[in-house]
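Look for subunit A in each of the two complexes below; its partner is subunit B in the first and subunit C in the second.
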Partner chain A sequence: MFYRLSGVRHFSYTGDRSLYRIPFERNAALALLAAAILAPWIIGELTLTSLVQPWLIWTSAALGLNLVVGWAGQLHLGYAAVMGVGAYAGTHAARSGVPWEIAIVLAGFASMVIGSVFSIAALRVKGLYLALTTLAMQFVIDWSIVHLSVVSGGALASLRAPDMSLLGFEINGTAGLYYVALAWCVLVTIFMMNLRRSALGRALMAVREKDYAAEIIGVRSFVFKLVAFAASSFIAGVSGAVLIATYYHIVTPDQFSTQVSIQVLAMVIVGGLGSIIGTYLGTALILIMPGLVAALFHGATELFDLRIGVETLAHLPNAAYGALIMGCLLWEPLGLGRLYHNMRSYLIAWPFGYLKK
Partner chain B sequence: MDWILFLELAANGAVTGLLYAMVAISIVLIFKSSAVPNLAQGALVMVGAYAVLAFSDWLGLPMWLAIPAAMVFMFGLGIGIERHALRRLAGQPIIMILMMTLGLDIFLRGITLAAFGGSARRMDLGISDDPLFVGQILMSRVHLTGAAVALMVFAALVLFFRTRRGIRLRAISNDYVASWSVGIGVEQGVALSWALAAVISTIAGVFWGAVQGVDQSLSLLLLKSLTVAVLGGLDSLPGAIVAGILLGVLESVVSGYLDPLVGGGSRELVVAVTLILTVLIRPHGLFGDRSVERI
Partner chain C sequence: MKIKLLSLCAVAACSLGTIAQSQETVKFGLCYDLSRSYSFATPSFVQAAEDLATLVNDKGGIEGHKVEFLVQDTANEPQRGIECYESYKREGVLIFDTMSTPVSQAVLPRAMRDGNVMMQPLVGRGDAIVGDVFDWIFPVGPTYWGQAANAMDYIKQQSGGSLEDTKVAFVFMDHPFGYEPQPVLEEITKRENADIRFFPFPLPGVDQSSVWSQVRRYGPDWVLFWGISNMHVVAAREMRRNGIPMEKYIGVNWVSKTDIENMGGLGKGLKRSSVVDSDLENPLRQEIVDKVYGAGKGAGDVAGTENSYYMVGLALYSIAFEAIRIAAEQTDGPLTAEAIKAGYESIRDFDNAGLTAAVTVTPEDHGGGGKTRIESWDGETWVQETDWFSAYDDIVWSIARDAASKYED
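The block that comes next holds the complex of A and B.
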């Protein structure tokens, strides 16, 4: 009934390869986009700035990580450090008078250079050892950011990002900043969706499945691993800069710690490797979960007059966050994206469930 | 060059390194039997230390009774973790297993701090804080005791691997399919290695708690012990001891001379750089013999 297939026929290869093969999906995506554009008028300002905007920015960052982990199959435990490089590069550029539109691109390129260093490890080892190396590189970059006062302005310093202006327009007010985040997220999403049907994306998937088999059929895994790390680092850098420019407004070293790397990886894993809609859902779940659990326990203490200490309440969301990751891996290793996919294939055949899609 | 300073840094580093090695042994035990890199090792050490505190503070047991009680508890916890979290992931890609141990790390830390609160606690072993002069070198009694215990743990493990049960574990780490076919319970073996690792984590937690207090920072031991384990070879127990001493000396000496120049905090850097260089130059470590899949 939903996702109607009846009457949908493609008479050309271009049509068959189109982004949305089912009109309902295209319409749903357009409706979502329209809702996102109208969001400043629909939902409250607090929800917009404290929930929707960080969701969009972290989703674009997580999509970048999904490119390297989900598509190219390379483990990356130092993603937040790459975002941090972009954030600092963008902020420093903007502070020294470079216009924001150039500063953001510069941030992307700075991250791309540093992030490609990570791939040197990827070209030598894989699997567990790659994960450990990227983790260690995260520590090295964190350490450099904190200890090079040229970068961070001192260990405990925080740098203020100048107000944003793009293409001659002063961007102030919640709606303007929201649109910047939305535009970047839409851009990354479109890039990732097209990746699936482009030569680059297929080459990355070939490398993921078996790198020497890819080499045999003429896909140079060396080059494509490098490209995957470079592209994802660019996305990370711009996302980091956008995060600072539109959301945090101040950059400090601890915003991009190892914990953040693990958090972004958790978004990707909970959402589902290689799934775009899954990344959106996973990011949303990871972001709202701590507040939800805190509210739940807070409500429970008031309702049942429990005596739970303040510190206990403060640490329970963390435990729930860990439990969420573990539960997700145990019961749905392919993530929320898989759940959506199951629902979709069920609805395609509904109410004739006995028909195979 | 000031030789006394150098010797003091090196000696203290070696002793600290043996304490790292104790944590690294746990990682090696688990990796040997099941090829699972346990990134929750830091959290296990922390839980072990808190378990000792729970038995001594909440139940009022004396320390010599609280530590064995905590070890029994951690034995059960190790078996539980293997049974319920990791056994079901067998055969999944490595990223799933890594993420599971990371999730476990977050979960264990969260639940421990929820139960005990975030403020640091003292672990009183009854070892005096008075400095000990060996020749002209200043050393800490707690560290020395810990290092001796680390060597004892290692010796006990060497002896254990000569028993019937230990030989089974060695067979599993060698080839688990072949072990299955001759009737060795691979699942029980892997569970046993997790339990042993958790018990050793408790001992490590006791000494690290005595050295730096019991709080969340115990879980930061992960990076150092992981580096020791990789440097020694992820499947080599003697490697963990040698690499522990090596990394301890390196870290202490380098940061001793570098810290005044860069304004402190270079210990983490030395460890991270050692890890990167090890993986890039010799991924199987000093004594590991498992061939790493390279490109």
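The block that comes next holds the complex of A and C.
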């Protein structure tokens, strides 16, 4: 009904390759974008600053990881470290007087250089070996950040990020910081959506499916793996800098630990490899759901006046949350993004279910 | 006449009502890590906080102000800590605690910007004792720099007033927490011409064998140990294996009774630096056991009150309560964050019936003096080796001021 295809005709190759082939999807995306722009007036300040804004920033970061894991098929367990490089590079640049708009780009390039250097070593190995190599990279960068006081400012030190200003405007209000995060997230999303229909994206997918088969048909898999790592590292670096500039306001070594790498990977896997809407959903599940589940348990104990010890009350939501993730993956092993896809293909054929592909 | 009397009564009732209303509840926001890294201590802290609140509220509150603790688990994740802080801020909480270094570092810039009091004892950045930079942060209690300096002074006293020809091995976890005392120890080494060597062991600290054989070859007179929970147990085993007597061991304040029980019989003679009185006969603890647990209103099991983390919790919150008491005395009308800040900064020589060292907080010094004492385990209980003291304050403060100045620019 909504996803109506009748009357939609493409008379040129450009039209056929347009971003949205179904008008409803384009309109829905525009409506979502409008809602996101109006969000500071629609939703409460608390939800905006402590839920929506981190969700957007982490989604941008997770999309970058999806580029290398979902599109190019290279397992990456050191992604948070690459974000950390960007966060430190951006903060140091801004502290030494570089304007934020340049500092953020510098952060992206710093991450890109370091991420690519590590990937060259990583590209000689595949699969689980690659996973371990990238994990080692996480430890090397963590170690360097903690032990090089030039970077971290000393053990257990933290560097405060200067207040943000972009193009001469001071950005300090809730809405302003939110818009910076939103703008970056929209940019990354548009890039990722276009990846699907570009030569680069197709080359990455060829490498993912079988790298030597790709090589045989003329796709230089080494180069494209390197490009995938470089591009995803750039996104990671900028996301790290945006995270510090608009949300944490202070950078410390343990913000980008191994645990965070695993979390971002979980966002991508729960969301669905190679799925953009899935990355949004996966990030929401991993980042926001634990707090919501805990609040739910808290509310329930107050409602029924249960006297549960603080320790049990803290651990129960964790168990429930773990079960929730397992449930999601059992229900749809291909990730949350697949759920949207299923709904879409059902609605495209509706009410003629037998036409469903 | 009758009507007049009635209306008089009504007026009286109204005015009484307003008085009762103006003494509103003081809310504490505890954004604690109750399920991850810090869960070895936080449940005891919460138990202590809630018991203390019950005791004080039953007596009519702090100068008429009831106390309420709002507790939320952050799972040691910065963004959940920020969410907790932001939501409690909107519920009218004026005084926060995080009890986790990552969460404390994430919340600190916001508390500084919003002007809310943040307790930050024993975790987070040590330079927060510099009150003229961190005006809203109150890490009352010793910093790890202060603890290390005091332990070195104890070693100096034991070595006949000089650290020359005394070998000290600093064994620590390879983590920012372990590296924190390093600058202080280096300064002391320079000043006293001492011989200190650093031995980091890798996380999670269950295998320290390679480090301890290096320590044995070094042949230290004293061992300073910076680790948490089970790391102490592993260290005790390795010391026995390498023939280093337990009497030479001085642990950071996180050595608990549970760790000593886990050491089997090896813990006898071990020393730790202590930030609170761990004597179970402490009058405040006794009062809580009698009045709160006696009335069945305890926040947990009564055995939980014998834990040394419980005592730490009691100490920290009684200092905060003292700040609120002074604030309530100094101001009429509702308590604000400014009033509590001023209350904190007016604490003078407060030792809370021997629970902690006498604490004096000033607008410049938010650390309260940084006193610790050294205790040793005699196989049954903790024996005081020294009285409350602090040493090398100039070194600790120059390092703190140096670090704080980096925050400012």
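Everything that follows uses one rule, which is that the second predicted complex is superposed on the first by the 328 of 357 C-alpha atoms of A that agree within 3 Å, B and C clash if a C-alpha of one lies under 4 Å from a C-alpha of the other, contacts with A are read in each partner's own complex, and residues count from 1 in each chain.
Quick note on the criterion: a contact is a pair of C-beta atoms (placed from the backbone, for glycine too) under 8 Å apart; a residue touches a chain by one contact, two chains touch by 3 or more.
What you are looking at is a predicted structure, and each value in this text was computed from that prediction instead of being measured.
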item	value
First, second, both or neither for A:V140, with subunit B first and subunit C second	first
First (subunit B), second (subunit C), both or neither touched by A:T252	second
Partner, of subunit C and subunit B, that touches more residues belonging to subunit A	B
Contacts of A:A294 with subunit B and subunit C, given as first, second, both or neither	second
First (subunit B), second (subunit C), both or neither touched by A:L75	first
Touched partner set for A:A157, first subunit B, second subunit C, both or neither	second
Contacts of A:L132 with subunit B and subunit C, given as first, second, both or neither	first
First (subunit B), second (subunit C), both or neither touched by A:L51	second
First (subunit B), second (subunit C), both or neither touched by A:H315	both
Footprint overlap on subunit A, where subunit B in one structure and subunit C in the other make contact	146, 309, 311, 314-315, 317-318
Residues of subunit B touching subunit A in the complex	37, 85, 88-89, 92, 94-96, 98-100, 102-111, 113-115, 117-118, 223, 226-227, 230, 262-263, 265, 268-269, 271-273, 275-276, 279-280, 283, 292-295
Interfacial residue positions of subunit C with respect to subunit A in the complex	34-35, 39, 43, 46-47, 71-73, 75, 77-80, 82-83, 86-87, 90, 101-102, 105-106, 108-110, 125-126, 175-177, 179-180, 182-183, 300, 403, 406-407, 409
Subunit B partner contacts - residues on subunit A that touch it in the complex	69, 75, 77, 120-121, 123-129, 131-133, 135-137, 139-140, 143, 146-147, 211, 221-222, 262, 265-266, 269, 273, 309, 311-312, 314-326, 329-330, 333
In the complex with subunit C, residue positions of subunit A that touch it	46, 49-51, 54, 95, 146, 153-160, 247-250, 252-255, 287, 290-291, 294, 298, 309-311, 313-315, 317-318
